[in-house]
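There are two complexes below, and they share chain A, which is joined by chain B in the first and by chain C in the second.
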Partner chain A sequence: MSRARANIAGAIGFTTVMVVLPLIVRGRYFIGVFTLGLIYGIWAASWDFMSGLTGRENFGHALFIGAGAYTAAFLNTVWMANPWWSLPAAACVAVAFSLVVGIPTLRLSGPYFALATLAAAAILQRLALIFWERTGGEDGLQGIAPLLGSPLGLYYLCLFSLVAIVAILLAISASPWGLILRAIGADELACRASGHNTTLYKVVAFAIGAAPAGLGGALYAHHQLQAGPQLLSVFVSVSVITMAYVGGIGSVYGAAIGAILLTFLTELLRGAGEWRLLVYSAVLVLVVFFRPHGLVAPLWHALSGVGE
Partner chain B sequence: MNEILIYGAVISSVYALLAVGFTLVFGVARTLNLAHGSFYALGAYGTFLMTTSLRLPLTVAATLAVLIVAALGVVMERVLIRPLRGTGLAVPMVTLAVALVIEQALFLGFGSEYRNVPSFIAASVGVGGVDVSGQRLFTVAVSWSVLSCLWVFVHRTRQGSAILALSQDREAAQYVGIPVDRVYALVMGISAALAATAGVLTAPFLTVQPGMGLMPMIKAFSIVIVGGLGSVRGSIVAALLLGYAETLIAYKVSTSWTELVSLAAVFTTLVLRPAGLFGIRTR
Partner chain C sequence: MSTLLQVTELSKRFGGVYAIRNISFSVSAGKINGILGPNGAGKTTLFDLLTGFLTPNRGEVRLSGTLLTGQRADRIVNLGCARTFQLCRPFAGLTVVQNVMVGCLAPSVRNFRTTHARALQILEGTGLGDKASLPAHALSQGDLRRLEIARALGTKPRLLLLDEPFSGLSAHEAEVLSALIRQLNENEGITVLMIEHRLRDLMLLAERLLVMDSGEVIADGEPEAVMREPAVVAAYIGAQE
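Up next is the complex of A and B:
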């Protein structure tokens, strides 16, 4: 079996498993957990597209997620718009933020971009707390309308969004455009020397990655029926990177699967009570140390290449 | 007015301690250590543990805490960072994971409530018509003496010359026989000790709880960017600038705006002068 065929088979197999999963493991609670896993998958895949391909680590992905969630919340509770407007609006707001942050910082190399994105998300979080009369402060905005009546419907909407987003991002990364992004990740100077405006490519890739993150934030807001400042926190940015890392950076699909696996792991560790986060972070140390290139994508690469 | 001068000096000296350690590790070893804030927290909790459970005198407990954290820094460099150096995102990721482990361990060991750590000097002193706790003045004095010692160490000793050489050109330093790995471990130990010292000094008057390391680390980031990555002099100037700016805002506007100062400063610096005040321009 050739690798391309194996990839298609893998994608179909994965989608089938995810379609059937909530029909086997029943119950409102589990469907909620699965939906959360899919939303995290969108966050991680959108992070991986820009940061994984170009190697410019974004430590403030929460900026786009939080901006998307707050956009949904404002549209829904203050301006009383139809919940479906949230998704495109959230994506547009996230893209606007990505341009504001990306244009000044992406022309620099080194850790500046990582630190600036970290700072940008922190600024937005502080602003959300300072203007608490409008944003609801620590509690955030409550009472957002659900997108769909049934939890299972929302699950399938999230699954569809995740598959569509991963497919689009993979298509872009396989195109000549994506090749230039990878070239920037490998050697930016050489890429510039061959006549490409690397800053432009990075800024556009950043905006492309921001749109699904904003959409994912809006989905999250309509899933949890609230949007709070904790969505803008460093912890969100860090967990997104963790998920992409475990999945295998630069693979996009790996990031999405890594997010789903880690969500399940967190659920399984619920029995460990207050030790949960300690076990989780210790597992993370071990994964980073022994598998510095991640788990999912390298494993799949090895498996799908067996027949060759 | 005097209040701003004095409290600004206190906060700047703490920021300088944190930022100098952070920039040293980055400038010399090119390591982005995201566990820097955890060293700060461990310094505070180490003192707390040793003064309450082991009933050690405060000076002994504080010294031990700083030494233990420095050793931890060296061990972390040897065991976790060294094998991963050169694999891109792995080093920041592993330090980040260590930071999470430390925070959770502190949470499990001590709970989430605020802890009280005894002061070195309990009395308060009147300076220029302002009542300042002795501990705050002590913080200023110790911070600047520690930083002066560091300056002498880096600029006047053989080990210090090795550190400077490595920060300028790693390969050239290797060719003249500088033991690169050993110097990296040394720098990591110094950096951890500086962060722990900041934790020990501020624990009596700032909050001590498991998540206490995050905000100081973001501050250290900001200062390092404003001052110029890898520049010790820049970090000190930026620490003074930001420390006073924050105190000024806290007194004239509101304390909830203070955290925005450093973040806004980062952004302005990156847009106007990306290399920072004293950084070398590299693109």
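Up next is the complex of A and C:
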């Protein structure tokens, strides 16, 4: 079997497993955990698209996630808009934030971009607390209407979103456009010497990655029925990065699957409370040390290449 | 023969130190030109100024009359001036053919339908055809040098700047590369400006030699004549007592 066919078979196999999973492991709690895993999958895949391919690490992905969630919350609870408007609006707001942060910082070399993304998420989180009368402060905005009548319906909507987003991001990364992004990740200077406006590529990739993150934020808000400042925290950004690293950086699909697996692991560790952060850090350190290319993507690469 | 590159009173200062001081020269279309000079002479800085990786404090660079000074590096490549680097910079995660495709995808020359075929054609021409599907980092030093040239050729340059292309190559690899550079010049009509320390290889290829020392051009002309000039002898061997 060729690698391309193996990849298609793998994608169908994964989707099938995720389709039947909530039918086998029943219960509202488990469906909630699986839905959360899929949303984290969207966030990790969207982070990996830009940062994994170009090597410019975004330490503030929570900015887009939180912006998407608050957009959904404001639209639904303040302006009483139909919940379905949340999804495109959240993606658009996240893209707008990505342009504001990305245009001035992605042209610079060094750590400015990473610091700017980190600071931008922290600033938005602080603003959410300062303007507590409008944002709900620590508690966030409550009472968001569900998108669909049943948790299972939302699960399948999230699964559809994840599969569609990963398919789109993989198609872009396999295109000539994606080749340039990989070249930027390998050696940005040499890429400029090959005639490419690398800043433009990075800004557009950042915006493309921001859109699904915002959409995922809106899905999260409609899943939890609230949007709070904790979504803008460093913990969320670091979790997403950890998931992408564990899955396999630069692969997109690996990041998504890594996110799902780590979400399940997190739920297993729920009793450990704040120690979860330590576990996350330990997992990241171990993976970086022993498997620098991650777990899921290299494993699949090896398996799909068998017989070639 | 028409002038392809015109450099006028170019200067570059880092703090109070001049890396390039008031350099002027021109390059005729269709020739192989060499740049020679001891370490710290300002040769690579000159390349960085010509290709937009550095901005000069004074002076200007024109390619066929078009002002290059102040343009972005990628824009300069799309105007027809490509370069290689002193240390090979392959795109390590990509295959050999993908490396060349990155060059072929430069906005001024790209054709999405033929990118792969054109990259393979360039690899055949540079002697790397059988290594197209290998990862770039698996290549030998000699092959990496050719890959850098192949990637630059993807952008269809009129002027090719080579920064120490023979560095680290065996005698055989240098011979192969020399033949490639001559072929590109004679068959493709590409003008070459190359920095090189290996005098023997440079003298065999260059039709004209520019010698730099301490950020200035100290000699310019036919290679044999230039190497006899007292200033060049002094810079390389030391002044006579």
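One rule holds in what follows: the second predicted complex is superposed on the first by the 294 of 308 C-alpha atoms of A that agree within 3 Å, B and C clash if a C-alpha of one lies under 4 Å from a C-alpha of the other, contacts with A are read in each partner's own complex, and residues count from 1 in each chain.
Keep this in mind: a residue touches a chain if its C-beta (ideal position, glycine included) is under 8 Å from a C-beta of that chain, and two chains touch if they have at least 3 such contacts.
Not measured: the values here are computed from a predicted model.
Novice: When both complexes are superposed, which of chain B and chain C contacts more residues belonging to chain A?
Specialist: Looking at chain A, the partner in contact with more of its residues is B.
Novice: According to the stated criteria, A:302 is in contact with first (chain B), second (chain C), both, or neither; which is it?
Specialist: neither
Novice: May I ask you to decide whether A:179 touches chain B, chain C, both, or neither, giving the answer as first, second, both or neither?
Specialist: Second partner only, chain C.
Novice: Output check: A:197 vs chain B and chain C. Expected answer is one of first, second, both, neither. What do you get?
Specialist: second
Novice: In the overlay, answer first, second, both or neither for which of chain B and chain C A:80 touches.
Specialist: After superposing on A, A:80 lies clear of both chain B and chain C.
Novice: Mind working out whether A:187 is in touch with chain B, chain C, both or neither, as first, second, both or neither?
Specialist: After superposition on chain A, A:187 lies in contact with chain C alone.
Novice: Could you tell me if A:114 is touching chain B, chain C, both of them or neither one (first, second, both, neither)?
Specialist: After superposing on A, A:114 lies in contact with chain B but is clear of chain C.
Novice: Of the partners chain B and chain C, which touch A:275 in the superposed model: first, second, both, neither?
Specialist: Only chain B; A:275 stays clear of chain C.
Novice: Could you list, by residue number, the parts of chain A that touch chain B in their complex?
Specialist: Interface residues on the chain A side: 55, 57, 104-105, 107-112, 114-116, 118-120, 122-123, 126-127, 129-130, 234, 238, 241-242, 245, 249, 274-275, 277-278, 280-282, 284-285, 288-289, 292-293.
Novice: Please give the residue numbers of chain A that touch chain C in the complex, ascending.
Specialist: 176, 179-180, 182-183, 185-187, 189-198, 250
Novice: For the complex, give me every residue of chain C touching chain A.
Specialist: 51, 53, 72-75, 77-78, 82-83, 85, 89-94, 98-99, 101-103, 105-110, 112, 115, 151-152, 154-155
Novice: What residues on chain B touch chain A, complex-wise?
Specialist: Those in contact with chain A are residues 26, 32, 80, 83-84, 87-90, 92-94, 96-98, 100-101, 104-105, 107-108, 214, 218, 221-222, 225, 229, 256-257, 259-260, 263-264, 266-267, 270-271, 274, 282-283.
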